[in-house]
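For clarity, chains are labelled A, B, C and D in written order, and residue numbers in each chain start from 1.
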Amino acid sequence: MTTPGFSNTIANSDIATASPRFLASDNTSGICPEAMQYLLRANELDDLAYGNDVWTERAAARFRTLFETDCEIFFVFNGTAANSLALASMCQSYHGVICHQLAHIETDECGGPEFFSNGSKLLPVDSPMGKLTPEGIAGVVTRRNDIHYPRPRVVSITQATEVGTLYSLEELQAIRAVADQYDLRIHMDGARFANACASLDVTPAEMTWKAGVDVLCFSGTKNGLAFGEAIIFFDRDMARDFEYRCKQAGQLASKMRFVSAPWLGLLENNTWLANASHANAMAQRLMKGVSDVEGIDVMFPVQANSVFLEIPPAAQQYLRECGWTFYTFIGEGGVRFVCSWNTSEALIDSLVADLRRALAQRCQQ
Amino acid sequence: MTTPGFSNTIANSDIATASPRFLASDNTSGICPEAMQYLLRANELDDLAYGNDVWTERAAARFRTLFETDCEIFFVFNGTAANSLALASMCQSYHGVICHQLAHIETDECGGPEFFSNGSKLLPVDSPMGKLTPEGIAGVVTRRNDIHYPRPRVVSITQATEVGTLYSLEELQAIRAVADQYDLRIHMDGARFANACASLDVTPAEMTWKAGVDVLCFSGTKNGLAFGEAIIFFDRDMARDFEYRCKQAGQLASKMRFVSAPWLGLLENNTWLANASHANAMAQRLMKGVSDVEGIDVMFPVQANSVFLEIPPAAQQYLRECGWTFYTFIGEGGVRFVCSWNTSEALIDSLVADLRRALAQRCQQ
Amino acid sequence: MTTPGFSNTIANSDIATASPRFLASDNTSGICPEAMQYLLRANELDDLAYGNDVWTERAAARFRTLFETDCEIFFVFNGTAANSLALASMCQSYHGVICHQLAHIETDECGGPEFFSNGSKLLPVDSPMGKLTPEGIAGVVTRRNDIHYPRPRVVSITQATEVGTLYSLEELQAIRAVADQYDLRIHMDGARFANACASLDVTPAEMTWKAGVDVLCFSGTKNGLAFGEAIIFFDRDMARDFEYRCKQAGQLASKMRFVSAPWLGLLENNTWLANASHANAMAQRLMKGVSDVEGIDVMFPVQANSVFLEIPPAAQQYLRECGWTFYTFIGEGGVRFVCSWNTSEALIDSLVADLRRALAQRCQQ
Amino acid sequence: MTTPGFSNTIANSDIATASPRFLASDNTSGICPEAMQYLLRANELDDLAYGNDVWTERAAARFRTLFETDCEIFFVFNGTAANSLALASMCQSYHGVICHQLAHIETDECGGPEFFSNGSKLLPVDSPMGKLTPEGIAGVVTRRNDIHYPRPRVVSITQATEVGTLYSLEELQAIRAVADQYDLRIHMDGARFANACASLDVTPAEMTWKAGVDVLCFSGTKNGLAFGEAIIFFDRDMARDFEYRCKQAGQLASKMRFVSAPWLGLLENNTWLANASHANAMAQRLMKGVSDVEGIDVMFPVQANSVFLEIPPAAQQYLRECGWTFYTFIGEGGVRFVCSWNTSEALIDSLVADLRRALAQRCQQ
């Protein structure tokens, strides 16, 4: 008996027995209480399918209030679909999407954006801190101007970035300026949008349409839902017929209320912000806990809920033996830890302790 | 403020106040208790993402036991994706998929199969009772044999059909025979697979691979889940790299356990079968309740959980005023009622009473 | 040794010996002298690639003069690509294209339109004489208005139709009116556009943009070229970035001048019109030649260069034995003969004679 | 009046007057006499369409003789289509294609491979001399082994490379070995395959299937045709239904004989080899002519028909003023000259003279 087709990097038998020490990603957490409460409420009565229920309308209205504008909202199942569908609606197959070479759409969607757009090429740029720069964007646009290369049409920004850093409002505005210069649209991958808002203490409106973002993919999954991302169009014309696109692409939930109602749980009482702030705080706690440890280097400024540490292979091995799960950072010798809405101080402290032991061990060698 | 992009056929204000009288589809029901129990259990502890959790492995093993074979199982979010991805893996873009002209993939997926396959043409056939016949299939295959028309490669069967009828095992075997003759693969759209197994009292194995089905899409959503269909390959070679296909197409859930664990709730103690049997029984109750009413014609044999009735427009209008929701059957003057795992006898009896009143009213006119 | 992958309906050995009696299609003819002359001239000097040569600019200018408007012109290799690329630029993957059920894009492109558009569904309509009607178009648009079915966005008209009939200017204008009512764009498949202009004696401008056509695919291949169709956009906005679409889809010729220069041969001195008029006249000659033969029925009015005859199977067999090639008309007992720019009176007369013999023979039986 | 949609880098008025000094690419040349002769012969008689003519069969047979194996041959219009269709048939949308970062499929097809394959990601590798290495290929394959990144399935080799270098038979065999190790198929982009065979003096068979190549795209356009590439499958199973793929993708010529007959002109009397040898010799003549000029650096070994020179901007400007057309090499300060079947010694000598003047001028400054 094998597991159903998924790359299985850890023996399940190990997991079952181990108490969870999952910091590989914020998607190992479950459903937060506020979201679960709404999921249960939405299950009390039958309701209409495909978003014609009472919850979806309320959630959409709540988003419009949160973003202080009459934006258009669509709910899809996951981030691959959210980003890919948004990008496909922003350009044609012969256009290019400028993104950072570490962007998730380039490194971890298995060609999803190319599939949904029927061939739009991602045009990756390298620049420090995992952040695109106006110069980098202009460089890609001006590098070629012939029909043998995809015409750049969209800039995709990840906020917070894949390395846990943040674009300031000024940086976003500078990107908008270069985008205007070259007739580019701006997509924001908000897998950790909540963490960015919480960390910079700016409103969702300031972070998006007021800074020139055209379309935002706002992740609920990483913020405390089971599933469900919100695709938000600030220009309603750009959203024309997008509901058909979602349906055709297998992203229209028949029991939509089980995506939209839990979103109400996040949006009410700013739970989304509280969840993000907690995750950010745990990342700070981890960073501070190891900042004085010799042999551990913090690879990037810790501005959201991810911590990237450069630690020796022997120490990495020690951590694995302690049952910790984490990603090794491709192309670097480092490891990534991501905190979530339910990451406890105790878990962080125990990781810090193990990290100290791991390095101490090493020094004795 | 408008609702987010979905076709809104009923004013939500009405719904909120009305006690639910939803029989338009079995997707207006919620999550059954057995599934909800597992969803809550899966939320107690963090777990690995992308199906590397303990629940997904267990659910897959349970499916293999149920189907009495070492099949390959993949979980996706909804039926559009399940059918479209399965078909895309069974043929190339220049191949054709033979289906009934009432098949959901032809009439209600907004071009999903064509999108996922990058252009495979559906080759619809008309035949009685919503069921394909060997003659109909052979007719499509032999109609053209030139490269200017897509080469038929797959037969897609819906069990139970879109009009609530069933293929007998003998009919399935006859289709397998013609499929073998023309080198065709067989896909089964099992949106109501459970209802078919319950009604015919045959095992999942007998209904599928023992009858020559290559790939089954087994719907959990219509059987009592929030989301989640299982794509089951009986030929493991045909499933090669299918996990990559799911990922690229936005159908790999990061928190997979919230799809797979609830499936355990359905599969344990044959809850899936009990849910289906109840829905079938309610359909029988409705059919019998109106069988003697003058002016109401039962359009198709009621063999699963759907009832199609031919009733006068005035009576339809009366029902709507009573708050009933139902689909009018495209191309016919009829209406469709679909029963679910939680459809109560009281709801059916009240519909029967309203139907009788509706027709009586009419007679007085 | 087999032939390279193509469906081989006639043994090549037969062909080699037989003097050509090809009336199956107007694509069995070669290159007309006026086109060949330009092909040879374009070969005298090297020139820039990808349409930056002197010939392409001249051909484009000539088209603008012919159509009496500053339209945008693109040259592609064949009709499958011309129609599919034009349609893909006129709608998105979740839109529908309304066409006649006999339209070439539906019956003979092997799913090309669905492939290039990544899933746009063709919505075929049946109506007399192979021609769409305003009622038929409205019927498709109003049949469904939900997101589970592709939203109609384009009407595709074939002028001359697949059965050799013609839309009058009045009929085209009536279709434009219904298209305006439902926000539909109009595509014209002009595989035999020249034959239509010649037969109706109307100008290219009257037949297209003045009658509300948005995009025309004008076939050069059937009019006397080796390869090469012109895609003509009357609304330049609709053509935005279309050159990238052509390039990506493998339809940008590096030695473009060998497509565009021969077009100059057709456009100069109205050769395109003379070629078409001749083909039409030969079709009339064939039709008149058999009109009095008992047992032969002319299936459709002969308005362009195609003649559809209902003749008995035995007579069809006789013709084949005489070396005639022709298509049997799918779904009918008839046969199709298509005349070309180089079809001779002698060939037609010899076919008429054989047809008379074939029927006489039969009567003796 | 603008030219029809093509990027127009040179004013056509200039060209018309200037005697052609085109060395930007080998696609500025025309049709060679041997090919033209067959084109004219194929035009003498009508013939069957879609490759059922006498010429296509003969050309296919001739290829089988040339490659000393019963391979499967398909003719398409251009290189973008040949490479993209071949790759699409060798992998699925969620697979990856390993290629050099300078490969034409990566840099100059405007996303064609991604479009035809519906999303297969190109996985570019950098290595010296424009050539892939076994280590580079293994590096890409082993870099990731999870389902979030496309699974490498194909290696695409360009022979001769984009920088005019060649893979030796030993290098090809070493790549086959690593391909076997990781279950990868090998595609050869043979845009300048003839030049490679001529330069290395190896047979087409030795260069392809005997060295482990699965599919070859053999360019006729750059060797002396107007249009037409041959896609050659050495494994007939891999070619299954490929004729449908060509048809659907708009690459099946109705008047196929005008592609296949000219190929006979190239294949008879080894004209293809003579054309390539001449082009190679002209490249050598150019290289030798400037090898002793101070200030000119030859950037890559001149092994085929391309010469890459590093020359000062002022010298480049001087050449342009002399009417020479050439490409500047992206990412380098260099320029590319490509010789063709009809490049004359006089043209090369005059370029050499201008280059010497250009540099001399510069020295005086």
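Operating definition for what follows: a contact is a pair of C-beta atoms (placed from the backbone, for glycine too) under 8 Å apart; a residue touches a chain by one contact, two chains touch by 3 or more.
This structure is a prediction, so every number in the text was calculated from the model and none was measured.
A.B. asks: With contacts counted as defined, which of the two, B-D or C-D, has more C-beta pairs across the interface?
C.D. replies: Result: the pair with more contacts is C-D.
A.B. asks: How would the chain A/chain B interface be labelled, same or different, where same requires over half of its residue numbers to be shared?
C.D. replies: On the two sides of the chain B and chain A interface, the residue numbers are mostly the same, over half being shared.
A.B. asks: Between chain A and chain D, what's the gap in Å when you average each chain's C-alpha atoms?
C.D. replies: Chain centroid spacing, chain A to chain D, equals 42 Å.
A.B. asks: Can you give the whole-Å distance between the Cα centres of chain C and chain D?
C.D. replies: About 33 Å separates the centre of chain C from that of chain D.
A.B. asks: Taking each chain's centre as the mean of its CA atoms, how far is chain B from chain D in angstrom?
C.D. replies: Taking the average C-alpha coordinate of chain B and of chain D, the gap between them is 50 Å.
A.B. asks: Mark out which residues of chain D touch at least two other chains, giving numbers and ranges.
C.D. replies: Each of 6-7, 9, 50, 93-94, 109-112, 115-116, 118-119, 147-148, 150, 243-244, 247-248, 252 in chain D touches at least two other chains.
A.B. asks: For a test of understanding, state which residues of chain C touch chain B in their complex under the given definition.
C.D. replies: Chain C reaches chain B through residues 6-7, 9, 93-94, 96, 107-112, 114-116, 118-121, 143-150, 330.
A.B. asks: Which residues, counting only chain A, touch chain C once they are in their complex?
C.D. replies: Within the complex, chain A contacts chain C at residues 50, 92-95, 118-119, 147-148, 150-151, 241, 243-245, 247-248, 252.
A.B. asks: Which of the residues in chain D come into contact with chain C in the complex?
C.D. replies: 1, 3-10, 12, 15-16, 20, 22, 24-25, 27-31, 36, 39-40, 42-54, 56-57, 60-61, 64, 70, 72-81, 84-85, 109-112, 115-116, 118, 221, 226-227, 239, 242-244, 246-256, 258, 325, 342
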